[in-house]
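First chain A sits with chain B, and in the next complex the same chain sits with chain C.
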Partner chain A sequence: MIRYVGRRLLQGAFVLWAAYTVSFLILYLLPGDAVSIMASGDEQNAVDPALVAKLRSEYGLDRPLHEQYVIALFKALQLDFGVSIKNGVAATQAVGEVLPETIKLAAAGFALAVLLGSALAIAASFSRNRWVRQLVAALPPLGIAVPTFWIGLLLLQFFSFRLRLFPALGNDGAQSLVLPALTLAIPTSAVIAQLLTRSLHQTLGEPYIEQIRAKGASDALIHFGHALRNAAIPTLTMLGILVGNLLAGAVVSETVFSRTGIGRLTVTAVNSRDIPVVQTLVVLAAAIFVITSLVVDLIYPLVDPRINTAARATA
Partner chain B sequence: MTAAPVQDGPPTGAAEPLLKVEGLRVSYLVDGAAREAVHGVSFEINAGEVVAIVGESGSGKTTTAHAIINLLPGNARTESGSVVFAGADLSRLTRKEWQGVRGKDIGLIPQDPTASLDPLQKVGPQVAEALTIHRLQPKKAARRDAVRLLAESGIHDAESRARQYPHQFSGGMRQRVLIATALAARPRLVIADEPTSALDVTVQRQILDNIAALTAERGTAVLLITHDLGVAADRADRIIVMRRGEIVEQGPAPEVLGSPRHAYTRQLIAAAPGLSPKRLRPVVAAVAGPATGAPAGSGPAARPLVEAQNLRKVFHLPRTANGPRTLTAVNDVSLEILRGETLALVGESGSGKSTVARLLLRLDKPTGGSVTFDGEDLTAARGERLRQLRRRFQVVFQSPYASLDPRFTVADSVAEPLRAFGEGTPSERRARVAALLDAVHLPADYGRRHPAELSGGQRQRVAIARALALRPELVVLDEAVSALDVSVQAQILALLAELQAQDGLSYLFISHDLAVVQQISDRVAVMRGGELLEAGATESVLERPEHGYTQELISAVPGRRKLQV
Partner chain C sequence: MSQQLLRDSPGPAADAAGAPDPGREKAGDPAAGAVQTSAPAAVGLEPAAHPAVARLARTARALLKSPGLVLAVLVIAVVILWAVIPGAFTHWPPDTGVPSARLKPPSAEHWFGTDSLGRDLFSRVVHGSATSLAATAVAVAVGLVAGSLLGLLAGFLRGWVDDAIMRVMDVLLAIPSLLLSLALITVLGFGTVNIAIAVGIASVANFARIMRAESLRVGSAVYVEAARSSGVRWHGILLRHVLPNAAGPVLALSALEFGMAVLSISSLSFLGFGAPPPAAEWGSLVAGGRDYLVAAWWLVTLPGLVIAAVVLATNRISHAFQDPERNRT
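Moving on, here comes the complex of A and B:
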């Protein structure tokens, strides 16, 4: 078991390194560096070329690629991703300041998504009316097809401007969290609902469900006592991808509702070629992905007794 | 149709049957059209009686059973007829009321024990659930009762086994769990739907003994659904024979078996290997004429076609905290197969018989020992040499459902080995495929069909035709008839015997069923736990078994007790 986790952590470290390196190369290859973008801020007061050169050498941008990379990587190992070019604070600090806001948003969004998605899937499977069942089953594809920003704008229009129930923007308390979290939850819940509906349908066709019915079990016992847990397993496998979805959704949601957070920070950092911040974000996203899949693998045996993590490690 | 009034009181006089099915019609909705599967079936079961419904797949026997307990699949519907249980008309029950009948008054023992337990829940609670659902016991007492019920079903150390998960149980043990579950609430009727068709013969007997003992003790009536008349003969008081949704004959078991009135019943009796043991072909004395393509200079000296010496196969299992583990699947097995003969390899699941077959076919490499095929060392052969040897031995597997590519037509499947070895021109291949389909008695136009359009028996014929495509000298039949209904099984066995006589084939016939083995094989080798227990001519092994285990296998053959060989 310890060997297994150790090996997985090593794999994770490799993923983080690869993410760092690839993002480093891509950002290097993009035309223009941070200093030249800063300098070309506006036409009227052009920046002194000497100052630009000085800044370049200060940030080490005038050195050859491999030197820049080795220095940057060595610092990154000590969690030093450099100083944000935009406002001069450490990149990790810039990210760390807004991270809690995004965690709040993502957690709320995820909880909502699981709730909504499961409710839809259960409703689709529970209903004995074929018409209702088909209607409910048609909702998830709709939720996936509609763009997230449009959902956000609709919610904003209706609940903030028309009904004035929730604030339209900002990070003020739980009230301001509702609409962004809902925006984030809708596409994710659609994915969960679709996966769970299909898997629930399949599970209910299994012989052991018939056997439980033959014991005299009610539909409620069959669903909540047996089928849901079995049906959740394939959905659990997708958790890593769902968390990735949430991060992508956070970018849109935070932009639409003008919330501070990782998503918005990503957009501004990329736009202003703030390489230290972008790199921090990339490594953070990779770390989240690595941790999620490790956690999923570790809780698998708790959900499904047939799976033995230790045995799988050598298989 | 006269529906009996609903009665809530105790069952009326002793003359009243426990279950009365009258004019039952069930239809399935297929592609929007209703297709009737059960056409007006009527029968009765008295309290404490064991009644068997016998028929092939598609005869409507399982549909009838599911209609009784109202567990028909979503596209099936009871069209008319009544099911009266203990004086109450079950067809009038609401959904809710059914939940009070199932499990409490009527229990169900399912067909496939491996898939019939919730894989995520411990076994004890699953048995206890049958009690708690009907509020017969509070949760804690039900858990204690579950342990007792498991012990009664023949599970040793039930206390700790109850805390294990289904995947930690063998197929036979899971069926014992399901029997404990079905009988937990002491129902007055238990429906056993092919309870042993997925199990080995020896386990089958233990399971049927277990059901018989427990139900007799409680006075529970049993409706036994089976395709094997031998099983029905052993177990039932009365036998109902079904065919194509109708009852063709019913009556007391000795009467139905002793003086069958319907031709179909006679056919079923003839097909049950335990009931009518007969050889499908004469025993091969030594060496038949040289097989087609055999070198003329090989001489008359009886060199075996296949010779295996001291075969050994060790598998490495996932390591645990106690270090690496290994499993010796085959240990020091030596055997030979002569030209034109059938060697049967007999044993239960886990005995290593299939591993031996894989080693002989060179699908696996032995850990030790050697295999020679017609004088050539198979273990050393590789590359093109091995590929050319491979065409001389072919295999037919157990599952006719899994061994054919569902996207290939029948003709594609049969022609595949020809294509793989670049045999003939396309038109020659077409002719060969037609000849092969003819040889396995399939109509020529079946070549255009897909496996999904064929029955299990027809698929197995396709698999046999494919195995014969390259004119092999040895065909390994790995439980090739075990998944088939008895009557279909008899047809496939007859076909195999016919093909063997025609082409001088050698068969390695792997089976757990001695009744089938005695019909087709010249010699028998018995395996258990990876070792060869005994081997010899079929007759002498079956009549004078040396090993106790072989005796056990022989006495497990269904139908054998009623009609002595």
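Moving on, here comes the complex of A and C:
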């Protein structure tokens, strides 16, 4: 088991290194480096070419690319992703400061998404009425197709401005978390509902369900006591991607509701073309994906004891 | 008796209330087919009229069974027409407003109402669809071409090329696509073309994976072995066997990615990375309504509804592409 985890950590480290390298290549290889962007950004006061050259050597941008890369990589290993071009704060610090707000939002959004998604899937499976079934089945494709920013704005319009139930913007308290979290939850819950409905349908056709039904188990016992647990596994597999989508959703949700967080930071960083901050965010997203996948792999045996993670690793 | 059958055959259509017109137009044909097959006396006539009528009847019946698909195709057709001949759908200019008619709610005159400058919103949506659709098409084309090439290379050459390409694709998949697009925009700069390219690159990994899987599947099929051993060169195999066989799944993915690209591009243009203000684009139209949420609900609601309808329609069409594939394998 420990060997397995060690191997997975190595794999994770590889993905992170690769993510760093890919983002380095994208962000630094393409024309327009940090300093020239900074210099061109100020249109009022023309920047002295000598100063630009000095800045470039200060940032190490005049060295050959492979040298820049090795230096940057060693710094990155010490969690130094460079300095934000916008305000001179270390990029990791800029991200770290607002990260807790986004974690709160994403956690609330994820909890809501799981709740909504499973409720929909179970309702679709439970209901005997054809119309209810069709209505419930029509919701997930709808949830996937509507733009997140639109959902956010509609919620804002209705619940904040018309009903005045929730504050329209800001980060103050749980009240302000409800609508952004719901915005985040709707597309994710649609994906969960679709995956879970499909696997629940499949699981309910298995012989062992037939067996317990024959023994007289009620629908509720079959669903909650037996089928749901097995049906959850395919959804669990997608968790890494779902959490990544939450991050992407946070970009939109935080912008719509003017919340501080890494989503809003991403937008401002892209707007001011703040390359160090953007790169930190990209590597952070990859890290979250790696960690989620590892956690999911470790959770599998708890959900289904037949899955032996360690044995699978050696296979 | 034929009356009976007539009523029977369009039954499922009546069930799904409000089946769109094209379906109903063709509904006359299955009746002809039904009469022939049910009346033994007519059997002799069959060979003359059969194939075309039967095919029409089958298509019509298949379409009637899925009114959703018909609706989806209609939606896409209308939106494409908006992009090609916007003048046929609205006589209001998209860029010049009437100051006296600002922030008017939807009416018979202004279907989607007017914005803060008195511009007709429906006209702006119609005229904006050219930009939005073109950007989406560019994004899908970039993803399709680059992804397919990489996938083909990986699946065809195997070995270390395969490993190298697919590891990079795995990394791209580990980063949420919107974030990847944003990182690319940081470098490429703003503007509709740049967000289209960024969205396209972010979808490369999906295409590469499907194309690689397909070329591996086809490449190891017995008939390809046979072709290879009888001396067909690699490009012959590629053109004659791999590409035609991979087309189905790749097209299904393209339709799906088209919907996703509409979403991503509208999100990015909503965030303000698209075309600068005077130009209309679906995402930026929604963004433009943000400041008038209280005063003018339609400014955000209606353009968003158009985006949702288009994405829903492309997802439905992609589903139709996938179904026969799934049944075949």
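Following the convention adopted for this analysis, the second predicted complex is superposed on the first by the 313 of 315 C-alpha atoms of A that agree within 3 Å, B and C clash if a C-alpha of one lies under 4 Å from a C-alpha of the other, contacts with A are read in each partner's own complex, and residues count from 1 in each chain.
As a convention for this text, a contact is a pair of C-beta atoms (placed from the backbone, for glycine too) under 8 Å apart; a residue touches a chain by one contact, two chains touch by 3 or more.
Bear in mind that the values here come from a model prediction, so they are computed numbers and not experimental data.
Colleague: Could you check whether chain B and chain C clash or fit when both are placed on chain A?
Modeller: After superposition on chain A, which the two structures share, chain B sits beside chain C with no clash.
Colleague: Of the two partner chains, chain B (first) and chain C (second), which one does A:100 touch, if any: first, second, both, or neither?
Modeller: Neither: A:100 stays clear of chain B and chain C.
Colleague: Classify the contacts of A:208 with the two partner chains as first (chain B alone), second (chain C alone), both, or neither.
Modeller: So A:208 only meets chain B here.
Colleague: I'd like to know which partner A:6 touches here: chain B for first, chain C for second, both or neither.
Modeller: neither
Colleague: Between chain B and chain C, which makes contact with more of the residues in chain A?
Modeller: The larger set of chain A residues in touch belongs to C.
Colleague: Could you tell me the angle at the CA centre of chain A between the CA centres of chain B and chain C, given to the nearest 10 degrees?
Modeller: The C-alpha centres give an angle of about 70 degrees at chain A.
Colleague: Quick check on the superposed pair: does A:161 touch chain B, chain C, both, or neither? Answer first, second, both or neither.
Modeller: Touch status of A:161: second partner only.
Colleague: Considering only touches as defined above, state whether A:305 meets chain B (first), chain C (second), both or neither.
Modeller: A:305 contacts chain B only, not chain C.
Colleague: On the A-aligned overlay, A:229 touches which partner chain: chain B = first, chain C = second, or both, or neither?
Modeller: first
Colleague: Once chain A of both complexes is superposed, is A:286 in touch with chain B (first), chain C (second), both, or neither?
Modeller: second
Colleague: Go through the superposed model and pick first if A:149 touches only chain B, second if only chain C, both, or neither.
Modeller: Touch partner of A:149: chain C, not chain B.
Colleague: Of all C-alpha distances between chain B and chain C after superposition, which is the least, in Å?
Modeller: 6
Colleague: Show which residues of chain A both chain B and chain C reach, each in its own complex.
Modeller: Shared contact residues on chain A: none.
Colleague: Which residues of chain C touch chain A once you look at their complex with the stated criterion?
Modeller: 167-168, 170-180, 182-189, 259, 263, 266-267, 270-273, 283, 286-287, 289-290, 293-294, 297, 300-301, 304, 307-308, 311-312, 315-316
Colleague: Quick check on the complex: what are the chain A residues that touch chain C?
Modeller: Residues 15, 18-19, 22-23, 26-27, 30, 32, 141-142, 144-150, 153-154, 156-157, 161, 240-241, 244-245, 247-248, 251-252, 255-256, 266-267, 269-271, 273-275, 278-279, 281-282, 285-286, 289-290 of chain A touch chain C in their complex.
Colleague: Within the complex, which stretch of chain B touches chain A?
Modeller: 69, 71, 99-104, 107-108, 110-112, 115-121, 129-130, 133-134, 165, 167, 178, 181-182, 185, 318-321
Colleague: For chain A, which residues are in contact with chain B within the complex?
Modeller: Touch residues, chain A against chain B: 206-208, 210-218, 221, 225-226, 229-230, 303-306, 308, 310-312, 314-315.
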